[in-house]
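Below, chain A partners chain B and then partners chain C, in two separate complexes.
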Partner chain A sequence: MSALAQILGRGGASRSPMTVALIGVVAAIVLFGALTTPNFLTLFNAKTIIRDAALVGIMGIGLTFVTLSGNFFLLSMKEIAALSIITFAMGMSHSYGFVLSLLATTLVAVAAGAVQGLLIGLGANPIVVTLGAAGLFYGVASWWSDNLVVAFRRPNDAEWLGTGSTFGLPNITIAFILIAIIAEFVLRYSNFGREVFLIGANRAAGKATGHENLPMAIKVCTIAAVCAGFVAVAFAAQISSAQANYFSSEFGSSGDMTMSVIATVMVGGNAITGGFGSTLRTSFGAIFIAVVDNMMVLRGYTSGPRILSVGLIIVVSIAVFALARRGRRSVE
Partner chain B sequence: MEPILRLSQVSRSFGAIHALKRVDFEVVPGEVMGLVGENGAGKSTLVKIISGFDDGYSGEFVFAGRPVRFSAAAKAERAGIAIAQQELSLVPAMTIAENIFLAGHNVSIFASRQGLAAKAEPFLEEVGLGSLNPNTRVERLSVGEQHLVEVARLVGHDPRVLILDEPTAALGEADSERILEMVRRLAQRGKSIIYVSHRLDEIFKLCDRITVMRDGVSQAPRRASDLNVDTLVELMLGRKLENMFPERRGSRSRDILLAADDLWPDGLVEPIRLEVYRGEILGLAGQLGSGAGDILAAIAGAARTRSGALRLGGKRFLPHQPRDAIARKIGYCSPDRKRDGLFLGRPIMENLTSPALETVSSYGWNFGRGEARRARELASDFTLDASRIGQEAGVLSGGNQQKVALGKWLAISPEIILVNEPTRGVDVGARAEIYLKLRTLSESGASIILASTDLQEITYLPDRVITFYRGMRVNEWEGDEVAIERILKDITDPFHETHL
Partner chain C sequence: MSARLPERWVLTWVAHNPDLSFAVLLAACVYVYFALTNGLFATHNTAFAILERFAVLGPIGLSLTLCIIAGEIDLSVGSNAALAAVIVVRFADSLGAFNSLMLALAVSTLIGVLQGLLIAYLRVRAIVLTVGTLMLLRGVALFVAQEKTVSLTDFDVPDFIQTRMLEYFSPASLLCIVLFVCVGLFMTYTKYGREIFAIGGARKEALAAGVGLRRPIVLVFALSGFCAGLGGVVIGLRSGTAQALGLQYLLLAGTVAAFIGGVSIHGGRGGVIGAAIGTLTVNFLDTGLVFDVTPAYMVQLCLGVLLIVVIMFQTGSRVFDLYQKRQASLAESDRRRAELVAKRNRQI
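Showing the complex of A and B:
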């Protein structure tokens, strides 16, 4: 409980009864589900859960930098991924090979992120910018591919990333774990990470102490976009094909990649206004959502109830974290 | 005449702080009553009680012949006491007429725009805005006109007592004059006005009687004609000046560290000339809107300059962003620490090292050891509890927050520290510590530039004081010439004598 308490409130002394009750209810439901769902508590299923969480989780980790720095969300996550996956598949289908295709995709993702970051950093509204960018990126991806599936031949040199595994762990899972560790390390121990928190906590004070939001917005949006690009590559490598609408439907637990990614950030309890949170929280958020989703799949629920329950998780967790934080504030 | 409003023996405490001590206050119908006193003297507490924002007081409050106790501002307003505060409560995107009838007048919910405009006109006449089209959107008015619209809205409720809290603090000469005219007109129509202001020239022009507050105690009201600026200031300050300010040093260096020949910060009406000597405390005295604070913001790169530049150590220098100034070892404490002085949700340690991350990290990485040590040093340097540096800055008291906001600049080993209103909302103990720290810093070679509207600190802390009035430089006083009466006259009414 203390680990959970630490994630929730960093202090533990001040937990309102309401918060405790909510955490208790959630924990009870999960525990009940875990004990009564057949095949849930197996090593194989645990690996499945983490693999399911990996793609959404990696994008969530990238997006967490944007949110923590007080620049809200990129509502264009799935469109960046769409543009990236078409770029990658085009490269692969024209036989440029994995390395060159990956490089080109990375460049596209960096450009997509940096442009949005530039506009946001100059003071444009993040919602407007990223919705506009979403339309632009999706339009280009769809036009470029004639809205058709871009397939590339198997075997190819991208498969190791998509379907390969090392010591029994899928390589995607390993990538998720590595990215989670590196991101958390950077956020905690680098000056860049500190600036993310400072600017997110108070942008005006950040400016006054020499930390401008313009370079920060460019950096964090680029990080998020590169994560989206990487996920696109990994996904294309799984199925050796790409289509612009892969991330728009039937992806992740709520059907829409952008919303699933934002859900991981929120369920992790990161402050939506910035300045408080961690990428570790987002990783746990992704895993928690995957746990619930997995349980419901094993119990035979269709996608409607699953999407509904993810929505409920988001609402409940935001309420819990808001209460926990209020409790913490009113100590002294 | 029988007073319309009378408070007797009113006391109000916040914990151990006694904001009001057995205060008596009254206003008679048709009178303009001036309410003056230093920051923290209890004026605003008194005003809050009268206008219903605060009912945690003891004592007697009689209004229109009846004992009352207002638990909400709306109740006081309904009874006939209206207050125009410094922060306007208008909706900029709505028209004048819509704003006037915003707060639940007897207007049909389907009122037409023309109907509202017609109804609004008499109220606008009353405040001297009869020439304005009531369908103008409020955002297109000058700040002074907006203040007048705010008063028109209040007058619409037909109050018997109207409280104006520093109505001209942010206004220019012409707009201020309109406010004064309006006050006279309302008083002639039998309204009672409570006029709170730091501008003593206005007080003398306008008020019939004056109540002086000092240290939470009220003085018996006096006729304005029985007083002059000197006697009023004496009443405001009292005779005893506590031993709060560290002594000035005898001899000082004439080594110029920072100079401005032609710097023109936004907020001033002309370019300024300024020299800052190494190791001195320079005071820039002036009221809100005088431009004193704008000079600091310009030197810090926190505000725009129209033209010109500075010379720093002999070299041309003009910061475009705060980080430019920080790189030259200039730190700036703004008057609003909550806005841009502190990261309230982050630990005290991170606040203290925020302007100088590179000094507590190596190659961009910071594993906390060096930072904790540095933060503890900075904290104990400012008599903050070093064991609390892990806590959020938001949990600290106002005084300790200010110490953090100021103390973080020690992290850059500053050559120049710019402080604007360093003791606003700061208790007496922390005040003395901040003064002492600023003095110590200046003695160790840093130059301090202090802008303040607090008369005592701007008189007794600096080695040299330059005075400002409405965007213009007025005078410069040094050493023994620095005197409270001189500064007060410079910043309130420099260009003509007030004879009454």
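Showing the complex of A and C:
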């Protein structure tokens, strides 16, 4: 938590007394929960938390690029994942092998992301485009799989990604950490990363200096879609089967992957209008939500209160960050 | 001359309402397509069934239309409707159907007011806040339903609101039509309604002209919450059951309805009549697809494609407009420069 507070503190104007007080209250609640919840403060549980955060976190990192570049967010994250998971499972069940299936999935994800990015870059509203694309992708995924479970035989050559572990850490956790580090470096030190921030912070200035939003939207949407595709592959590798509605009904506490992913971006405190934030914030957001969720599971809460508390966390964090940035940003 | 008068009237109307004419044309095309391909579609019974669907989707489409007119979008309509459905079904036995209906509508309106206040006070965009409340309200609905599917024990109310009257209508669809008329009058003829149009179409200008942001935002979200609640109540009472995690499809269907109805994502355009026609188009589409025994995901696929097509059409025409304006202003500045040069040459 102190790391989160430290990151928040870097945000210049966010050091208002109210923000600090609210963060203090949240930290106190979490600390109290951590000390009083049985079996919470164990190494095993810490690993569980990070593993839980990994899938949502990877998608969140992808989505962060979209958000930071000022294109809000994609409401079609879980549908891209649904399309990808069906592609992957189709490949695996027809025994094309892991590499070919992964390649096909990547292609599908790139295509899905690029098409949305193209439409957004042409000036269409991201929310509406991706809402429509969500219906389209989900329809295609269901139609392709006949809305049935596509299972593939165990043992297969995808299992190392889903259930394997290296040096005592699950491979998915390692992937999450690696992707988080790479994304942070790309965003901070590469030309592309600086371009993301420039276009996000001030689209007119970006345009005036030759950084159009069209190629940027295509790039960031593709990144987000590829992250969603990777998560789909990892998830399919875990359970050796796929269905179009895996990410809408059976996933995580909230039952809606898209919302969980957007939640990680928001709770991390990235500016939704773009230009300010980092993938590190998103990773911390994912871990924070996983911590709260895990704590509530250990205390025996059912899914209702858990969804309620995640929703509350999002709304409160929106309020906190909006108040913190007040005065720095105009109404628009 | 007098014989050609109606024709001219139609042409004038089309020229003045391009969005509405597009909506009417699309609705007519969808209806005619299904009427031609399926013999059972153009019947009185199907018209009744379509109006029954209209009673559910109508309020949702209206809710989204109002928000988009104000230049915002309310993503939490599905959750709000689900919460209202859960409340009305859960408390129908203990409080009586009418009281629980009032309770559900009061709760959803209150949620709308709170959202509006938060948006106006925190100065965040509605998209940002309503993504949060979308999840929050699901949690509240799960809490109210105690994580079960709630259902009515007494089926008098579901029977009553589906009673067929006047060949095409039921109490539910009549209620929905009354709602449309009231909201339409409110939006067109009151100061408050025009304020909502103003902050959508030209927010900076409206603020500069002294229209506050707070009142129209709170008002539009209160209306939106009320409409979403009404949609949820009708669904809950009619089916007799409600699920806290249900009704997710309403957001897509309602958005499609709003956009067919001619709203612009930049706000300030569209209206209640458009919302009604847009909703009817969606109703024609999903009723027709159900007639042809199409699975639900194909309906979703069609709606998704339709939404993308409509939004790209809108974006395209906007980009084209901007291009034309730019060309015109460039031509104008060229002309002026040429004039100046000619003048200077004369002086020399």
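As a convention for this text, the second predicted complex is superposed on the first by the 314 of 332 C-alpha atoms of A that agree within 3 Å, B and C clash if a C-alpha of one lies under 4 Å from a C-alpha of the other, contacts with A are read in each partner's own complex, and residues count from 1 in each chain.
Here is the rule we use: a residue touches a chain if its C-beta (ideal position, glycine included) is under 8 Å from a C-beta of that chain, and two chains touch if they have at least 3 such contacts.
Everything numeric here is computed off the predicted structure, so don't read it as measured data.
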Room on chain A for both chain B and chain C (clash or fit): clash
Which superposed partner A:83 touches (first chain B, second chain C, both, neither): neither
Most chain A residues touched (candidates chain B, chain C): C
First, second, both or neither for A:208, with chain B first and chain C second: first
Chain B versus chain C as contact partner of A:289, first or second or both or neither: neither
First (chain B), second (chain C), both or neither touched by A:195: first
Touched partner set for A:55, first chain B, second chain C, both or neither: neither
Chain B versus chain C as contact partner of A:272, first or second or both or neither: second
Touched partner set for A:125, first chain B, second chain C, both or neither: second
Partner chain in contact with A:323 - chain B first, chain C second, else both or neither: second
Colliding stretch - chain B into chain C, listed as 130-138, 238-246 or 472-480: 472-480
Chain A positions touched by chain B in one structure and by chain C in the second: 329, 331-332
Footprint of chain A on chain C - complex, ascending: 73, 75, 118, 122-125, 127-129, 131-140, 142-143, 146-147, 203-204, 207, 213, 244-245, 248, 251-252, 255-256, 259, 265, 295, 297-298, 300-308, 311-312, 314-316, 318-319
In the complex, chain B residues that touch chain A: 302, 321-323, 326-327, 332, 334, 339-346, 350, 354-355, 357-358, 361, 364-368, 394-395, 408
Sites on chain A touched by chain B in the complex: 189-192, 194-195, 197-198, 201-202, 204-212, 271, 275-276, 329, 331-332
Chain A - residues contacting chain C, complex: 72-73, 75, 119, 122-125, 127-129, 131-140, 142-143, 147, 244, 248, 254-256, 259, 262-263, 266, 272-273, 302-312, 314-315, 318-319, 322-323, 326, 329, 331-332
